[in-house]
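Next up: some structures, all given as structure tokens.
In the two assemblies presented below, subunit A is common to both, partnered first by subunit B and then by subunit C.
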Partner chain A sequence: MMSFETFETAFFMVMAPSVLLAILIGSVYGLFIGALPGLTATMATALLVPITFYMEPLAAIALIVSSTAMAITAGDIPGALIRIPGTPASAAYTEEAYEMTRQGKAGEVLSLGFFFSALGGLIGATVLLVSGPALAQVSLNFSSFEFFWLATLGLMTCALVSSDNPIRGAVSLVIGLLLSTVGLDVTTGQPRFTFDVLELSGGISFIPVMIGMFALSEIIRGFTALERELPPAPKVGDIKPYRGMFALLRRYPMSVVRGTSLGSAVGALPGVGGDLAAWIAYGMSRKFSKTPEKFGTGHPEGLVEATSSNNAGLSSAWIPALVFGIPGDAVTAIAVGVLFMKGVSPGPRLFIENPTMPTAIILTFFVANLLLLPLGWFAIKGARHVLSVPRAVIVPMILLCCFVGSYAVNNTLFDVWTMLVAGVVGYLLERNGFPIAPIILGLVLGPVLERNFIMSMQIARGDLLGFFERPVAGGLGIVVCTILVLAIHRAWTRRGQGPDASDPATVLPDVPNSTKGNLQ
Partner chain B sequence: MSLINKFWRHAAAGVAGVAVVLSAGVAMAEWPEKAVTVIVPWAAGGGTDATARAVAEGLQKKFGQPFNVVNRTGGGGLVGHSAIVQGAPDGYTLGVVTIESAMYEAQGLKGVTPADLTFIGRFNADAIAVNIRPDAPYSDLKGLIEAVKADPGGVAASGANRGGLSHLAWVGLLQKAGIDPVAANWVASDGSAPALQQLTSGAIAVVSTSPAEAKALVEANQAKTIAMISSERSPLYPDLPTSDEVLGIKWSPLPFRGLAGPKGLPDDVVQKVSAALKEITEDAEFKKFMTSRGFSVAYQDAPTFAATVKAAHDGLSETMKAVGLAK
Partner chain C sequence: MKLSERLIGPGLILFGGGVIIASAGLPQVPGVRFGADLMPSITGGALILFGGLLGWKAWSKPLTEPLVDTSEWEVSLRKRLTAIWTIGALLAATLLFQSVGFPLIGLIFMTVLMVLMGARPLTIAIVAPLFVLALHLSFTRIMHVELPAGPLGAFL
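After this line comes the complex of A and B, so read on.
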């Protein structure tokens, strides 16, 4: 694999003061960007490019690595505190995290986010170090057939787990998928549902929808709740960062193992990786849990699994980029550009001719993830101040964040209107028991699903059996179909057991908990 | 009374006129006074994206303002090109245009024609190459063409959207080699990176894209470049045969990458950016970067670039009519 000498040289390269300083600056910067709703890791990276121009190659990459690792983790903060998910990945568990905050466990949920992100990141980086090129080799065998099934799997787990009622989850999912068809068709450029509105031709971007449906709808709910004008401000208590984390680790060791292995595997697939891993991990956690009924009520188990998969996936996303020059997302694309500018060309020859460079890049992941813990400590301590702000002050500030965040995506007012409409629609849907997380995932994965379906159909010349002809695709397809059949079967037998399923009295418990909280 | 009225009217007009001139003068003299958006119509990670980011960095250094690269993908580049056309012609929305901008009109897709754009300068032009899997039953272009002849639908090819230049170069090649282009199986993709992923996974057999974009995979023995679809050998790849010499045909579609803005872009912005682009293409570091990724540097100034696009527009429209893709 790699000689000790390579490792040693790489280690001292990373320990150079300029590199360590770059990691520190990148992390602090990433913390702020990630914690501000609407500002993404991609934006954070793009803004760094002009600065990297004046830096050594490794320091430049270290800056990008640490800022993205931190931004992704810090994206959980606004999700947990004010119900605005920072990234589509954190949308998978925003509901659960916010529920914990409402129960006065803000310190625990934030500690959990940072601790298990760091742990997931460290394990992910180890996987990279040991099996990077081999993992890349595997990822190259994934074609549109496999991507199609993976996207389906992600969408389905999301629909099944985000609500107690899979039918309502599926309805939300379909709404998201339908929204994703707005805009120019990916294959032929045909405009769909654009009504000759210029802004609609680019499609509906998911960030304004996400901000509106999660944050704005929560504000509307606060004003329309019957008994109180606003939901009670969560009790803060004495926040003690990282207290009880090892106990959680001992209680859910399998969640960490599953989450990180899933994150490393799915993250290495170019194009779909990062966002999907957290959703599948959260669903898997619920499936394997001894207490699945506690999910959605502020239960840490799913959070442990999803946050650790998040950061594990982040590092493996670099593998196809470094080994084969196929960047999986915008962040790695920018990083590859920076590497080229520095005269380091990614590709297999890099690992043979200059193995210290890729090793050093992977080592910066270790340092950046370790740094999550001390910086997270400050963030958790600081969170208390956010929570102790009176509601009358924080609500306008959240509203401001909603406006600025949705405007900042494409710098258009149109996105602000999208956010407002999405907020009202999200409020109405949730009041009637429809979960909103599947809408976001449908919107994010809809184009991926459609593109890979069309490509596969063109390859198979219209033969649907083509989706089962490749070994991996066939296996994934059978898994997906089995889950689907089982879900339908269970719904059917539950319906057969008694007529009460259609009775509103039994449908009521399906209402998501955040709604219930206000109706109490 | 009327005299006073007249006086005021004139004065007002005069002041307004001066204000317009002044504000225009000030705005132009200071361009760029804020961040400039550079729209890239293709996915992050492809060749257009990589070169656009290098050019944007060069411009940023020259003008001291951020030049932010924004990937607006979809619709075979139409979404991004439309975004360039529809941007305000104030110099703060520029874009990297590719040869597809000269083809939408013939495809019957509305919104982008060369006449809707102000061309600033070209920085790159590279012929498209034919890439296959290293374990394919054929090892050169002749063998591949024979295989397609035997089963035109069985050899799936990809590289861009249907009707994109990658597609046209491939079907044009087949047509010149005497194969019915309508029977060939073209898989629409969102750029060369996803197409190459399909090739390495074994789902398709051919990717037509620039040799630079397949370079890392070729080095890893995951793909094999067998020929250029061109009339002349590339100085960067002197060992790669051209389709013309292998098959004895004449077919040379040459894709380009260049900077453009919306129609009516102020002349001095065009002059400034075009001059800066020329300097960037002469910069040793930029040249090194382009060569390291296998892109040739081929600068053309604004009028020459506009003429090149016009010629491409006319020639390709003719080909598309012949292949049956024009509407």
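After this line comes the complex of A and C, so read on.
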């Protein structure tokens, strides 16, 4: 248990001007990177490493923590305004957020994103502070069986909640999983479906696919009779940042509790946590909602749960990195590298020999998450300017951002081609009622699923019952199987009842030409 | 383009079958029981299953919609031209990106697309070069992304 002296010393370390300045610079930088399509929190962190050479250890880590927290939250901005999700996690609720923006609620949706992200981040940091070592111990006891079931749970939730027709959701998911098999095989290292194309050896990057399928497909649709009106620009004074957020908090308290608990628990799992938490949270919110039919129509309930889980997961993702020195994702891997470079070895001994350092690192999460609110205020205010740009100007801008954003991932034109193909395929899939989101999650989590599946099969010697033998794995397996059976039962009992809700015509309603944008 | 489930179902079955055949051709590592072909074979099987379900559902009902519906492309000539330009220009930009450079490609692309979409000349004259310049400088100077500068590189 942490002593008061440790906490006090750590607090004053964080309050040092150099650390506070690092947090401020990191946050502003993260806001900029996160709001640009194609640039990720990982890229933001990697670019900061050379700067950290010249900084004190705590200031260096504070710079990374703040830029990551802000970049991931800011990734919601292009998702909400122009339908380009910044991260795979924010893809979970991009459609919902964009729908709210189209209803003229841009201020509300961005406020919601920043407010509940900050709240989730603060709760996640508290969890990290209070129960970090215990949670890490639990997560380290997870084997490939548990990881397999968790990945399956996340993927299945995504397929089920993203479409009214589970079969169409499942088809999208399978396409994503299939795309994830391109490249070197995760177990044997053999090239698979690479067709002698060197760039395919590393697999298909999810960022160009995400940009193409969400943004380019929307632009292609804008050229057809299915064009949707661009979100209206709010009038001056209409955007009041954070107004009504406490009312939302009172209306959906359980969503916040569930979202942050789930984010904190799932986020601590190495490799899968960050991306999964928001998807499962969104699905869970719909499951427990009194008005599940409103989901997908610009309803804030799912956003509250998913955004809060997103940032809670971000904090708890540092648990295995700090407590055991085992980074769970690329960002924490870079941070661990920086700590080693500064002579600080993360791990259990750090908490015993120098407890003020990990405590101070955790405290930087609080400051970084609190800073989300004032910086978010400027971003929300600026949203009006983005939405007031005419279609004839914003569409070329988005296209150019898509192009450069895709190129920037690996500095290769192959990713631009990937984006173009993904855009056309995404348009065709959406036109035919297949949701896009499961493809992205399938692509991101496919390697995790496959690696743990193969490993588990090898351990169980091909016996599928082996997947249920460990207590936690068995529990998760039963949950997954129950959800699957219930989904099949629901689809079966709905058969022949009224019009098919999954019909693409209801997914993409034809809008009368007179009400469409100003391109004519 | 909207396809009937009568086509999508069999299409998915064929695709899934193709994936399974391609997976079977992947090289095997001696002694490895669960190799590179396992996951693609499972996804191929899933595609066949879901394609079968979609196709069965569609073929068990009377045909009420066209097999291929392209009515969404019945739009004004200007809109069609804009769509063709956008896709064509994106392809051309990708092909010429390294030799012509981002600033020039970006400028031409934005200018023509803005003209086609009906932006005002003054807006185009201001926005297109400024946006391309801002994007170029943000990526090259701040993010250190190597964007080819092309002939305009000397001025940037």
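Heads up, the rule we're going with is that the second predicted complex is superposed on the first by the 483 of 520 C-alpha atoms of A that agree within 3 Å, B and C clash if a C-alpha of one lies under 4 Å from a C-alpha of the other, contacts with A are read in each partner's own complex, and residues count from 1 in each chain.
Going forward, contacts are C-beta pairs under 8 Å (C-beta built on N, C-alpha and C of every residue); 3 or more make two chains touch, one makes a residue touch a chain.
Quantities reported herein were computed from a predicted structural model and do not represent experimental measurements.
S.K.: Using the superposition on chain A described above, determine whether A:Gly337 touches subunit B (first), subunit C (second), both, or neither.
M.R.: Touch partner of A:Gly337: subunit B, not subunit C.
S.K.: Determine, under the contact definition given at the top, whether A:Pro374 touches first (subunit B), second (subunit C), both, or neither.
M.R.: It touches nothing on subunit B or subunit C.
S.K.: With the two complexes superposed on chain A, say which partner A:Leu36 touches: subunit B (first), subunit C (second), both, or neither.
M.R.: A:Leu36 contacts subunit C only, not subunit B.
S.K.: In the overlaid three-chain picture, which partner chain does A:Pro253 touch, first (subunit B) or second (subunit C), both, or neither?
M.R.: In the superposition, A:Pro253 contacts neither subunit B nor subunit C.
S.K.: Once the shared chain is lined up, is A:Pro346 touching subunit B (first), subunit C (second), both, or neither of them?
M.R.: Touch status of A:Pro346: first partner only.
S.K.: Under the stated touch criterion, which partner chain does A:Thr187 make contact with: subunit B (first), subunit C (second), both, or neither?
M.R.: Once the two structures are laid over each other on A, A:Thr187 reaches both partners.
S.K.: Just subunit B (first), just subunit C (second), both, or neither: which does A:Val395 touch?
M.R.: second
S.K.: Determine, under the contact definition given at the top, whether A:Ile454 touches first (subunit B), second (subunit C), both, or neither.
M.R.: Both: A:Ile454 reaches subunit B and subunit C.
S.K.: Can A:Leu178 be said to touch subunit B (first), subunit C (second), both, or neither?
M.R.: A:Leu178 contacts subunit C only, not subunit B.
S.K.: Which subunit A residues contact subunit B in one complex and subunit C in the other?
M.R.: Looking at subunit A, the two contact sets intersect at 47, 185, 187-188, 190, 454, 458.
S.K.: Give every residue of subunit A touching subunit C within the complex, in rising order.
M.R.: Residues in contact with subunit C: 32-33, 36, 39, 43, 47, 167-168, 170-171, 174, 177-178, 181, 185, 187-188, 190, 192-193, 219-220, 223-226, 390-393, 395-397, 399-401, 403-404, 407-408, 411, 413, 416-417, 420, 428, 431-432, 446, 450, 453-454, 457-458, 462, 504, 510, 518-520.
S.K.: Show me the residue ranges of subunit C that touch subunit A in the complex, using the header's touch definition.
M.R.: 1-3, 8, 12, 19, 22, 26-27, 29, 32-36, 38-40, 43-44, 46-47, 50-51, 53-54, 71-76, 78-80, 82-83, 86-87, 90-91, 93-94, 97-98, 102, 106, 109-110, 113-114, 117-119, 123, 127-128, 131-132, 135, 138-139, 142-147
S.K.: What does subunit B use to touch subunit A in their complex?
M.R.: That would be residues 44-45, 49-50, 53-54, 57, 60-61, 66, 68-69, 71-72, 74-76, 78-79, 82-83, 86, 104, 109, 153, 156, 158, 161-162, 185-190, 193-194, 196-198, 200-204, 215-217, 219-220, 222, 285, 288-289, 292-293 of subunit B.
S.K.: In the complex of these two chains, what residues of subunit A are touching subunit B?
M.R.: Per the stated touch rule, the residues are 46-47, 49-50, 53, 140-146, 183-190, 198, 201-203, 270-271, 321, 323-330, 332-334, 336-337, 340-341, 343, 345-349, 447, 451, 454-456, 458-459, 461, 470.
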